[in-house]
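I'd like to ask some things about the structure below.
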Amino acid sequence: MKKEIPLLITAIFGSFMIVDYFVPHPAVSLVGETLQQWAIIVISFSYVLGVANIARINGQKISKRSKDWPFAVPLLIGLAFMLGAGIFGGIGEGTLFNDFFLYAYTPMSGTMFSLLAFFIASAAFRSFRVRTVEAGLLAAAAIIVMLGRVPVGAEIWDKLPAVSDWINNVPQMAAKRAIMIGASLGAISTGLKVILGLERNYLGGE
Amino acid sequence: MLPAPFLNTMAALLTLAVFSFLYKDNPFYKVAEYLFVGVAAGYIVALEYHNVIVPNLWRPLVGGDLKLLVPFVLGVLLFSRFTTNFGWLSRWAIGLMVGTFSGLAIIGFAQGDLVAQVQANMVPLKTQTLLGTFSNWVIFIGLLSSLAYFFFSKEHKGALGATAKLGIWFLMVSFGASYGFTVMSRFSLLIGRLLFLLVDWPASFGFHWLH
Amino acid sequence: MEKFDRRYIFLAILLLVLVPLLFPLGLPIRVSHEVQSAYDAVARVPDGSKVYFAADYDPATMPELHPMALAALDQLFSKNCKVIGACLWPACPPLLEDAFRRIGEERYGKKYGVDFVNLGYKPGNEVAIVSVGRSIRATFPTDFYGTPIDSIEVMKGVDSITGLAILVNISAGYPGTKEWVQQVQSRYHIELVAGCTAVSTPEYYPYFQSGQLVGLIGGMAGAAEYEKLVKRPGTASRGMDAQSLGHLALIAFIVLGNVVYFTSKKKTP
């Protein structure tokens, strides 16, 4: 029964989400609304589980003196601080929690992602090679769009923004639509396989 | 609230610590990286507590809505994953989440993507302007040829092969456009951080030197 | 090529982005059709209407999305719209709070609870979106600060999303615009304006062409265009000169890299 009950739960919840869409009866809507609220609560617990796992892994790192263990100390201090400040001090504007979100979390998060600008430039120089017709098409489209979407493009050629817009709205859009249609067929079939119990990888091993 | 110069200086130092990775990996960057993970983890749990667990679960449950015992128990059962013998109990909650997402995905992709997008591609093949007519033909041929490329039930030879080849060209144009937009995105993030270092940080000390 | 120290490339990028921030070029910003459509869609909303503001982003994407969130709120508050804001990304509520304070309170003198509300965050991605579409009240029994929703004036008479004039979504990825289109726009046919990162923009053009999106604001360039339309240049407009030089630099690197590659290939048979 270790797999049968979860599969049954999956089938019931999944089927009901589909039935809820097609049957407008108030009783069905009420049950649908209840099940969705339950799902939101369970998903919330899964976030807490994830953080508990991070704390457990890094705690073990420190106790076992694994590689880079000293860096796990600021991780756990930051975690405990934000948790304590948030739960006991509140989360609104002017709180310690809010201050450290805006002036510790925000700059670190923003800067981590801003490093990508340097890496994309480095990769463009070292790896972007126009060896085939297809790669040439890719490069041409990339260059036209890169120039057309910024003010300097119109300074180079006043029609460049219009060409860039046409590429985005016509050939690019058509190909993206094809990908979207293909992906939707895949998502529908995968969803059906999960609900019918044919796809069970999400349950893990024995 | 803590003083703005202190907070902004802390933010600037953390920014520079992360930027130091561009020179080479170093302990300052590593401390910032691990600290970021810890702060983010603490943040999310505090937020879940205030925005979900208390208003959506605890208060209504204590107020008499006993149906909420079901998601409460399922949520607690998720933590059975930490045990060796009872980890299988967490599958009940996983089944709930996966089932709900799968059902909604079927509806969402079917009506929002499949039907609506096929419908939207029924564009008029003759319009009042030459550019409009040409563009609609490009959209029509572009979609069909790109879809032909993804049809793997038959070998790409003859007419299907030629159509798939045309589809590859459309796909390359779309990947090129995506690359261009990706470059724009990355540079925007860098610009944002530099504006903080150049404008917001000095401004917290009263220096408005950049207009 | 493998021996070339990439830190020289990093330095070149840093300088080419830094210089126009210090010495602006003042290149004119041209408004695209998609952003004009977004502005026009919001302009069509009757003054004083209640609108849903779905803020789904985080600090990592702030440089692109926060300026467009500010510009959108500027236009909405200039029309005296009542804004119901909520987030599906956990790191967004404080950013939404910042946007409401700067634009709603400081610029337009609007009052929390009367003219706007920050409902906070809910997890669940598509589940939360469908739940909001059906009943905002059931999904958000309190606001971000824990105040019961029944005691918030702007929420009086509001339940389903169908009762609202327009949905403005600022989205950094998943969950975001795609899920709002799939789960809410296609069910309830509410007008949906989307602002998104430049990375996501290409994949939303099919939604714009089909009419599922009535406006599309893409990346920092889109945010700059929107700032121009609301006549309040901000960080996005400021960054466009640096964006221009950055793009030129990247194109130069692509060309240079290929030149070096093909010439060195010719030399070694």
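To keep things simple, chains are lettered A, B and C as they appear, and every chain counts its residues starting from 1.
Keep this in mind: a contact is a pair of C-beta atoms (placed from the backbone, for glycine too) under 8 Å apart; a residue touches a chain by one contact, two chains touch by 3 or more.
The model shown is predicted, which means the values in this text are computed figures rather than measured ones.
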Q. Draw the chains as dots and join the ones that touch; what shape do you get: line, ring, star, complete or other?
A. complete
Q: Please list the single chain whose C-alpha centre lies closest to the global protein C-alpha centre.
A: B
(Q) Measuring centre to centre with CA averages, how many angstrom lie between subunit A and subunit B? (A) 3
Q: Could you please state the distance in Å, as a whole number, between where the Cα atoms of subunit A are centred and where those of subunit C are centred?
A: 16
Q. What is the distance, in whole Å, between the centres of subunit B and subunit C, each centre taken as the mean of its C-alpha atoms?
A. 13
Q. Which subunit B residues sit where two or more other chains touch them?
A. 22, 40, 43-44, 47-48, 50, 52, 56, 100, 104-105, 107, 109, 113, 117, 120, 139, 174, 177-178, 181-184, 187, 189-190, 192-193
Q: Specify, in ascending order, the residues of subunit C that touch 2 or more different other chains.
A: 10, 13, 17, 60-63, 90-91, 93, 122-123, 127, 130, 144, 187, 198, 202-203, 206, 209, 218-219, 221, 243, 246-247, 250
Q.
Two or more other chains touching the same residue: where does that happen in subunit A?
A. 21, 36-37, 39-40, 43-44, 47, 91, 93, 101-102, 105-107, 109-110, 112-113, 117-118, 120, 124, 139, 142-143, 146, 149-150, 168-169, 172-173, 176-177, 179-180
Q: Provide the residue numbers of subunit B that touch subunit A in the complex, in ascending order.
A: 1-2, 7-8, 10-12, 14-15, 18-19, 21-22, 30-50, 52-53, 56-57, 67-68, 70-72, 74-76, 78-79, 81-82, 88, 91-100, 102-107, 109-110, 113-114, 117-118, 120-121, 135, 138-143, 146-147, 149-150, 167-184, 186-187, 189-190, 192-193, 196
Q: Flag every residue of subunit C that touches subunit B in the complex, lowest number first.
A: 7, 10, 13, 17-18, 21-22, 60-64, 90-91, 93, 120-123, 125-127, 130, 140-142, 144, 146, 178-179, 181-183, 185-187, 197-199, 201-203, 206, 209-212, 218-221, 235, 238-239, 242-243, 246-247, 250
Q | Touching residues on subunit C, where the partner in the complex is subunit A | A | 1-2, 4, 6, 9-10, 12-14, 17, 27-30, 32-33, 58-63, 90-91, 93-94, 97-98, 101, 122-124, 127-128, 130-131, 134-135, 138-139, 144-145, 187, 198, 202-203, 205-206, 208-209, 218-219, 221, 240-241, 243-251, 253-254, 256-258, 261
Q | Contact footprint of subunit C on subunit B as seen in their complex | A | 22-23, 40, 43-44, 47-48, 50-52, 54-56, 59-60, 100-101, 104-105, 107-109, 111-113, 116-117, 119-120, 139, 174, 177-178, 181-185, 187-195, 198, 210
Q: Write out the stretch or stretches of subunit A touching subunit B in their complex.
A: 2-3, 5-18, 21, 34-52, 54-56, 68, 71-72, 74-87, 90-91, 93-94, 96-97, 99-118, 120, 124, 134-135, 137-146, 149-150, 166-185, 187-188, 190-192, 194-195, 202-204
